[in-house]
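Worksheet: one structure, shown below.
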Amino acid sequence: MAKPNHKAASSNRVSKTRALRRALPRALPRALPRPLATAGDDTAIAALKLEPAELSPEMAAYFAKCEEKLGFVPNVLKAYAFDMGKLSAFVGMYNDLMLAPSGLTKLEREMIAVAVSAHNRCYYCLVAHGAAVRALSGDPALGELMVMNYRAARLSRRERAMLDFAVKLSAEPWSVEDEDRAALRRAGFTDRDIWDIAAVAGFFNMSNRIASASDMRPNSVYHGQAR
Amino acid sequence: MAKPNHKAASSNRVSKTRALRRALPRALPRALPRPLATAGDDTAIAALKLEPAELSPEMAAYFAKCEEKLGFVPNVLKAYAFDMGKLSAFVGMYNDLMLAPSGLTKLEREMIAVAVSAHNRCYYCLVAHGAAVRALSGDPALGELMVMNYRAARLSRRERAMLDFAVKLSAEPWSVEDEDRAALRRAGFTDRDIWDIAAVAGFFNMSNRIASASDMRPNSVYHGQAR
Amino acid sequence: MAKPNHKAASSNRVSKTRALRRALPRALPRALPRPLATAGDDTAIAALKLEPAELSPEMAAYFAKCEEKLGFVPNVLKAYAFDMGKLSAFVGMYNDLMLAPSGLTKLEREMIAVAVSAHNRCYYCLVAHGAAVRALSGDPALGELMVMNYRAARLSRRERAMLDFAVKLSAEPWSVEDEDRAALRRAGFTDRDIWDIAAVAGFFNMSNRIASASDMRPNSVYHGQAR
Amino acid sequence: MAKPNHKAASSNRVSKTRALRRALPRALPRALPRPLATAGDDTAIAALKLEPAELSPEMAAYFAKCEEKLGFVPNVLKAYAFDMGKLSAFVGMYNDLMLAPSGLTKLEREMIAVAVSAHNRCYYCLVAHGAAVRALSGDPALGELMVMNYRAARLSRRERAMLDFAVKLSAEPWSVEDEDRAALRRAGFTDRDIWDIAAVAGFFNMSNRIASASDMRPNSVYHGQAR
Amino acid sequence: MAKPNHKAASSNRVSKTRALRRALPRALPRALPRPLATAGDDTAIAALKLEPAELSPEMAAYFAKCEEKLGFVPNVLKAYAFDMGKLSAFVGMYNDLMLAPSGLTKLEREMIAVAVSAHNRCYYCLVAHGAAVRALSGDPALGELMVMNYRAARLSRRERAMLDFAVKLSAEPWSVEDEDRAALRRAGFTDRDIWDIAAVAGFFNMSNRIASASDMRPNSVYHGQAR
Amino acid sequence: MAKPNHKAASSNRVSKTRALRRALPRALPRALPRPLATAGDDTAIAALKLEPAELSPEMAAYFAKCEEKLGFVPNVLKAYAFDMGKLSAFVGMYNDLMLAPSGLTKLEREMIAVAVSAHNRCYYCLVAHGAAVRALSGDPALGELMVMNYRAARLSRRERAMLDFAVKLSAEPWSVEDEDRAALRRAGFTDRDIWDIAAVAGFFNMSNRIASASDMRPNSVYHGQAR
């Protein structure tokens, strides 16, 4: 399913919802109709008015690949597309961090992304990377747990140490010291792995802020992915 | 669909996941198999060992009604079932707050429940009441927004004032004063409504803490509801 | 003294005060007369205008018993009396938590009430339950210590562990985990006791917020009790 | 009553307590006997072992005057008495701030002392200066309100502005700016008054920390004063 | 002076220091000799052991240019030099943000860098970018003010709005909303400028964390620059 | 050099700055001319208008000694000079704490002063006492580290324990307990030393607030001292 069939998903969703609503204890009066929470998320993707620039050939090819493989271009890329220098710098760093070889699995990197974004309560990143945790793990509830409270998840010692470090680094970077690095080494991480944990955590501390500063909206398709 | 067909949902979910995985840029190596994040959530429902008591006739009837209407008994009720006095006091207060007549719609009360639980990062309440927001609104993303950051949601002025009050009351109750009540009145709430907002917010500040103190686990069925 | 003689207490208070004032180093000019801080606390018991409902027979009997035994009806009950369903749900839960059999003594439950209310700086609950700690312990300064900083009190290891858990659960419920429960077990608490600690702490995290949201005023008689 | 008659106060207190205990709903089992919370407060006045120095003639006279007028020497003075230089510097600054002519009344200065000490949860200063607020105002509940939450007190606009400034200055001094000073001026304070508010608030931010660092214990007589 | 003459600076510094020491009230005994605080900062540049990779031709040229123009290669570049992909992604993004055309002057971008790094108390970034603020402004004290408390600096309305936004975005990104963007527009910033403020603030929220996670040490030469 | 030659320092500074600016990668456009950040710091020393009183003979002698030895009168003394009682109380306490015999070296006391002032982000105290750390240690970067993040400094175990205590006492005095005092004793401090650490930390928690409340400006000469 490269491109989710939105209409079908939507009608299916409504019928499930109706069924559940009937099932709740005592009759539940239907709430007043309200606009969908995702209304506008796919068209008005940020609260800053920035004219799109012409895509460079390299970036045009990258967008085409996204369309082909994901079925859509992630809104963060569209938001950056007002300036090719900024867009390609962002794509370069993102792809290196999240996709290049590392001692961390891709799922681990996405778990860091979501736990950090949960600390910073970043709507865009929680939606987009929550979907990635669900997809990569094949376990939807794991994505929810990273969003809600990673401490409540049943994690391996390695995963827990990794997320504790990433979230402490997000919350009070000034107090990260030798003992914190030592805890990661005791959990089996190499110094290179520690760099990668820090770099992914750092990157989402940046992205969370750019997304919040511009009220960036995630593509609505993410919400239903890998549920 | 009083009882969601888990097998179907699950196989559907896996196939969507596989498709998405294929679709992500660059080949994504499958992460190592790991236990489902919900493993045990339906059987080991809390970290405190409390022997279930015999259900009183009233509570037995209530549990039967849950089974009939929801398809399951919410784990919070099972967690309280070691003591009929505590269980019926909890059920009495819960049903009054969330289901009795009020100037707040049921959806509004559930939105407060989730926004407060997000402030307190309570896994149990976010899962169970996130599902309720999705179901009552027919808008899955609205549930996500309440979990992630209610400030990022497109809300009516009334809804925003209500959640601002509930979250401030959760974060720093000592600083709630006349001006905060006046802001609710300006948004159209009566004094009785203000009481109800405070009572629902207060109740989840209680429940969040009991759930966190006992590591209460939500029924896994909630995760897939009303998506 | 079921009903304190307010006039006598007041004239006695004034004479003590005058004596102390004379005793302070250098002459202290009398501050300008100002209204008593408790002015209105017994009549305008909250900042929300809610018409009292007719008391149900059960609640009328309960109020009468309060009058008979305490000499007054606690203002929190009057504040809830606009709705019999809410009043009886509150009374049911309160009485179960604070008065029903438990591995915690009544004094311990009141100590939790005050330490949690101190964290939340709740005027109503600090006054009413501070008085209860003074009365139940026969030690006025113990009540003060729970209000001011429980860490400065000379407590048994059991009491300290109990209050540390209750206050951590109030301050950052998301970070309560197995190790916190283990600390309570090491201090001699059973799993049932842990539930009760959490339930009392949770209840006052609710009540503190309802009291702050409505600016609930404690009966002025509490201030002089058990000094 | 320069010297409170402790025996009388104590027997009176016990009888009031017994009466209240009888009055509470349902029979309350007496809690196990426990040492008084003030045990040791008058003898082991701090957790640092510092040999008292010989009092200088000036300081000996000052201590004698305290005995004569208050009936006791405040423990903070005894705690400083290991070094005459430090003792007399402390006394000099304290007397200037709290007793010298100022646009602030002595009660206002004591209200600042208690509100700041409540922010810092300092047992010593809350007990000693809470008693002073009770004594100077002739209104015991005003002392309680300063300890519990000054925002819940019925204050004049002038008093509220003064305490808001003092507590903000305690909580986040780095963010005090022109607008904060302007708010004081609008409430009627002169620039000299603003200095005095800041100086008293500053002084208790110092004293609170010295008292907490040394676990300083207030004279137990304060607890019963001006109730 | 492309390369500061360290020996001269140092002997000059010592003689000034000696003079000042003589000048302080009362004789100041010389403190015990202790290693310089910068000892090791130029050789052991981080607490993670990462083997330098061979520089790519592009990066080798960049390092040579740094040596030629600055007289040294900033340690952050050496820290990243274990992996050419990461190094060039970092350099690409850094140069775009800090040096490419923008509605923000280079000094403004450096002021954001330092104010954000002060919020995060990042030693590396405060040293390196504090020097840049001193150099670009020709006003050493401006660099100090950005490090110590930007609110104490005499700033234009534009600068103050810019730094308020950047620091709020660092402290609580979840609460940045339309009103914050509107405040920047009122201060004269375009939407493109707002992006740039957010992007620079975001970048240092990333870099601060990578530097803290790896205990990155700034080149010691920065300390004396542009004083 | 009792009085730094400002003109020379300044022209030297400008020429260094110009050189550095030339050295930065890519041409850096000169920022618009702006007033020096220290403009007014030596003349408008606080945001409160307080008429200087006539200096008492003792204070006049003290000011003369400052002029003679330091080349200037610290602005904090001028700020206090509206009232001789307050000025001499401040000078008395300051000199006792910072200059009298103690188990702490003068450098250690200044390190506490700066670490506490960094916690409170106090411009005046960071500038004045940062200079003192540089001067007393002969190590300019040590002063910077105390300002920026003392945890990043290479400290002896004794120094680290001392600063950890002082900063915890500043941040959350209510939670300082026996274990914190024990940690200082394990690091070799006597109970008298612990008092002195607390007293210096306390004093700067006071001074930081008075300086922030009055927007006190440090003498500009400090910025260049002991670099």
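Which chain is which? They are A, B, C, D, E and F, in the order written, and residues in each are numbered from 1.
FYI, contacts are C-beta pairs under 8 Å (C-beta built on N, C-alpha and C of every residue); 3 or more make two chains touch, one makes a residue touch a chain.
No experiment lies behind these values; they were computed from the predicted model shown.
Q: Counting one step per pair of touching chains, how far is subunit C from subunit A at the shortest?
A: Minimal hop count between subunit A and subunit C: 1.
Q: Keeping to the contact definition above, tell me which chains border both subunit B and subunit E.
A: A, D
Q: Chains shared as neighbours by subunit C and subunit F?
A: A chain counts here if it touches both subunit C and subunit F, which gives A, D.
Q: Between subunit B and subunit D, two copies of one chain sequence, what rotation angle (nearest 5 degrees) aligns their Cα atoms?
A: In short, 120 degrees.
Q: Give the chain pair, either E-F or B-C, that is connected by more C-beta contacts.
A: Spelling it out, more C-beta pairs touch across E-F than across the other pair.
Q: Roughly how many whole angstrom separate the Cα centroids of subunit D and subunit F?
A: About 29 Å separates the centre of subunit D from that of subunit F.
Q: Could you give the separation in Å between the centres of subunit A and subunit F, each centre being the mean of its C-alpha atoms?
A: Here subunit A and subunit F have centroids separated by 45 Å.
Q: Quick one: which residues in subunit A touch 2 or more of the other chains?
A: Subunit A, residues with two or more chain partners: 121-122, 149, 174, 177, 215.
Q: Once you draw an edge for every pair of touching chains, what topology comes out, line, ring, star, complete or other?
A: Basically it's none of the tidy shapes, so other.
Q: So which chains actually touch one another? I want all the pairs, not just one.
A: In this structure, the chains touch in these pairs: A-B, A-C, A-E, A-F, B-C, B-D, B-E, C-D, C-F, D-E, D-F, E-F.
Q: Quick check on the complex: what are the subunit F residues that touch subunit D?
A: 47-50, 82, 85-86, 88-90, 92-93, 96, 100, 120-122, 165, 169-170, 173-174, 176-178, 181, 191-192, 194-195, 197-199, 201-203, 205-210, 212-215
Q: For subunit B, which residues are in contact with subunit A within the complex?
A: Against subunit A, subunit B makes touches at 1-2, 4, 13-17, 19-26, 28-29, 31-32, 34-41, 65-66, 69-71, 95, 99, 105-108, 118, 121-123, 126-127, 131-132, 134-142, 144-145, 147-149, 152-154, 156, 215, 220, 223-227.
Q: Under the touch definition given earlier, write down the residues of subunit C that touch subunit F in their complex.
A: Per the stated touch rule, the residues are 149, 151.
Q: What part of subunit A is in contact with subunit F in the complex they form?
A: Interface residues on subunit A, with respect to subunit F: 174-175, 177.
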